[in-house]
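Two complexes come next, and they have one chain in common, chain A, joined by chain B in the first and chain C in the second.
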Partner chain A sequence: MIELDNVSFSYRRGEPDVVPALRNLDLKIESGQLVAIIGQNGSGKSTLVKLLTAVLYPTEGEIRIDGVPVDREHQWDVRRKVSVVFQDPDDQLIMNRVIDDVAFGPENLGLPRDEIAERVHSSVSMLGLEDIGSRLIEDLSSGQKQRVAIAGALAMSPLYLILDEPTSLLPVPVAMRLISTVRDLSLRENMGVLHVTHSMYEAVLFERVVVMDAGRVILDAPPAEVFRDVDKLREVGLDVPLAASLAHRLRARGIPIEGDILNTADLREALDAALKSSPSG
Partner chain B sequence: MQPDGTPPVLELKGFSYTYLEGTPRASEAVRDVSFRIHHGERVGIVGATQSGKSTVVDSFAHLLRLGQGQVFYEGEDVADPGYDRGRLRREIGIVFQQPDSQIIEDVVGADVAFGPTAAGLSAAETRERVEESLNTLGLPYQDYRLRYVHAVSGGQRRRVAIAGVLAMHTPVLVLDEPMAGLDPRGRKELLELLIKLQRDRELTLIVCSASLTDASLLCDRFIVLDRGTVVMDGPVREILGEADRLAELDITLPEPVVGAREMQKLFPDFPTDLLTEGELESELLERLGVTT
Partner chain C sequence: MLELQRNVIFGQFVETGSVVHRMDARVKIAATFVLIVASFLIDDFLGFAVVLPLLVAIGVVSKIPPGYVLRGSQIFLAFLAFILAFQVLFYPADVPESSYLWRWGILSVSTEGLHTAGIIALRVILLYYVTTMLMLTTSLVDLTNGLELIFGPLQRLRIPVNELVLVFVIAIKFVPIFIEEMERLARAQTARGLPFDEGGAITRARRIGRLLVPIFISGFARADTLTIAMNTRSYRGGRHRTKLRQMRASPSDWLALALVIAWILVAWKV
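What follows is the complex of A and B.
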């Protein structure tokens, strides 16, 4: 479990231009949970990622990952439990060939050779990279590179995979395939996933959506519940999936839209039901 | 030629290009692409990844050695011996997808000044251009000119890259995936800004994207590429009206169009040439018999 206990963090602490980035955050994430974290730029998402990967440490409060406190003394223990994938794969791919990059992490853990081979093999096959394992990374598309970055993160056998806007530079169809793979992995490996994103269409695919604004969590619930709160999301500068927003507008017009509306198929079904039950239809 | 006799700003005629031609790794990027873009048009060159968009953009700036076909700028063949290719660099501003690939200085003001200085403008003129470009992009000159490029956000870095191109005062502005990596608020702001900029300066605007979401609000015409060839070319609404064809091309459709296609399962005659959620809502309300 990831536990954040009254966590605050400020940049440039003690200086006149101090920037509070996280304020009194309480958050618990169970192992194996699929969580999307949304919020506009400056809401504290990236700071949260840096705290969970022991790049920064809380100014106040405490974070524990699987019981291990996130502090300077335990930074390496923390980093064995969480792996992170960044927005731009070029920031984290360092070797020339795909399989060498995937092997880089386990090699640096000093694992025995056959275990390294085993981890590389399974990560590569989970991401569907078997056919391009010996290719040069520079020859790959951005979507393929991001898969290699995820395979590298997986080869560390983390308890939690943290995805820091890994899809924002990818075309939507490629991004959707990537999220679908991550979901499968999480279910298979019982690995927790924290996915930071701006895309509401990705967020609806997760079990739980945490909405951040100005360093605080303002909504934390399953997607159907979060995306009912159309006005609140708009207020903090976030998009709402079109189907959820339309459902909101149609309800305001007195059209009985029942149930959870997360995508246009849900909306079509709800409309169909409304048409069949209405006396004039 | 337009009715008044002015040639198109840009014209591609039978343009084909193969990377690494003549080697075992040769790959054909575009084949027999022809189109004309006129002054003041707002054109979206759209298609899935690998459809040839970037190759077409590179041809505008004469970054590729032409194999087959011709590229004309203002009616002149850019491959002619003696053609002043510096003119292309001065008149066609290109903002690439990754802002970092075209930001060269460490400090915002210096980076935006790079182009005008290199073009030989005086210090005073350059300063004026930098101030104007940064202000236009919502990065107030006094606040931003001395900031480090690496210390501003990704969205701001993209604006710095655009400001650097704007400062060149090019009549043609080409943007490759301008919205990639921006959050919803950043996208909305940049969209409004680009629409205003295009109108105020009567720019010829060319936007490359694999997504029609923002391009449909920014452009009035789409040229659709698929595996290196032009498969559709027409006004935005006309193209969106053929949503089924677009959906087969792995292009991201605008949300109102996705919604409209779903509604066609309930109302077979539901139109797909919709630009906004409001338009989708009115179509729906009409079919539900609700008077607005």
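What follows is the complex of A and C.
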């Protein structure tokens, strides 16, 4: 379990009148949970990612990852439990051949050769990269590169996988496929996933959505519940999926749209039901 | 357009699965080193003429298309020609009067000047060719592992060999990424009406110069992210690391190295 206990973080420690990047954050994430974190630029999402990977340490409060405190002393223990995939694969892939890069992490752990080979093999096949294992990374598409980055993260056998906007540079269908792959892996390996994203359509696919604004958590619930709160999301500059927004407006006009509307299929069903129940329809 | 990606191959790796690619990286690095030393030792045209078939042979065996190498070396060759022109024109004046072919003030063309420039050109081209071939035929991991093993003994002198090798490897890795970025910036500028393929050499150079500041800024940003990424992937210096791949030099690898050494000795002594 990831536990954040009253965590605050300020990039300019000790200076007065500086708005901290994170303010009194309390958050618990169970192992194996699929969580999407959404928020505007500057809401503190990226700072949170850096804290969870022991790149930064909390100014106040405490973070524990499966009991291991996030501090300088335990940074390497934390990084064995948490793997992260960043926005731009060119910034995080070190070696130039797919399998060599996937092996980079396990090599750093000082594992025996057989185990490195096994981990590389299994994470490469989990991401469906068997056929391009010996290809050069620079020749791959951006979606494939991001898959390599994820394979590299999985080869560390993490308890939690953090995705820091890895889909923002990808075409939408590629991004959606990638997210569903990650979701399947999480279920199979009982690995917790924290997906930081701008995309509401991706957030909908997670069991829990945490909405951040100005260093605070303002909403934390299953997607259906979060996206019902259209006004609050708009207030902090976030959008809602088109279907949810339409449902919201229809409801405002007195049309009885029942249930949770997250996508067009939901909306179509609800509209059918509303038409049938209406006396004039 | 600039088309830097096609015109700069330094630091690239091209997989053709050839014998050269499959050779042990340490042997390749050693052979490259021998050829680099040769470029300083050989000081006449005959010597370079003897080396030439060896270089051609390496090129042919590596299966890397010669056109690719030539096109990718255009900028380098243009730069070299530019430098050599100066070398010839400003050659120190203590040459016998009879060897001047042309003279105007401090500028001159003399047979000595041409000869020296020719030797320098061949030296630089040899250096460039062997290092480029090494990188074209050796993947980064092999290069890293090879360099680490060769320079490993220096670790005892408290020289951080593993870290230095990684710095070198990352530098090579970033060459194509920076080139891509530069092209992107150039395209963005072109779209705003600043052409990079018009005007004289100086105008063009000045325009490319304008890309340097943004390139540096993005370079620092990338370096920062890369450091974080490496840390989160548990990189804590070379001594904790183990390796997936093992290096094995076959007898034919050693034979190839012996051949290169013998060839260079012949070229040096003729």
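Quick note on the criterion: the second predicted complex is superposed on the first by the 276 of 281 C-alpha atoms of A that agree within 3 Å, B and C clash if a C-alpha of one lies under 4 Å from a C-alpha of the other, contacts with A are read in each partner's own complex, and residues count from 1 in each chain.
Basically, a residue touches a chain if its C-beta (ideal position, glycine included) is under 8 Å from a C-beta of that chain, and two chains touch if they have at least 3 such contacts.
Just so you know, these numbers come straight off a predicted model, no measurement behind them.
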Putting chain B and chain C onto chain A via the overlay, clash or fit?
clash
Looking at A:Leu267 after the superposition, I want to know if it touches chain B, chain C, both of them or none. Which is it: first, second, both, neither?
first
For A:Leu187, is the partner it touches chain B (first), chain C (second), both, or none of the two (neither)?
neither
A:Val19 in the overlay: touching chain B, chain C, both, or neither? Say first, second, both or neither.
neither
Which partner does A:Pro173 reach: the first (chain B), the second (chain C), both, or neither?
first
In the superposed arrangement, does A:Glu107 touch chain B (first), chain C (second), both or neither?
second
Could you look at A:Asn41 and tell me whether it touches chain B, chain C, both or neither (first, second, both, neither)?
first
Intersection of chain A interface sets (partners chain B, chain C):
none
Residue numbers of chain A touching chain C in their complex, please.
50, 53, 55, 76, 79-80, 82-84, 86, 88, 90-92, 94-97, 99-100, 103-113, 116-117, 120, 134-136, 138, 152-153, 156
Chain A-facing residues of chain C, complex:
13, 15, 139-141, 169-170, 173, 176-177, 222, 225-226, 228-236, 240-246
Flag every residue of chain B that touches chain A in the complex, lowest number first.
48-50, 153-155, 180-186, 210-211, 250, 252, 255-256, 258-259, 262-263, 265-266, 277, 280-281, 284-285, 288-290
In the complex, chain A touches chain B at residues 40-42, 87, 141-143, 165, 168-169, 171-174, 198, 237-239, 241-243, 245-246, 249-250, 253-255, 264-265, 267-268, 271-272, 275, 280-281
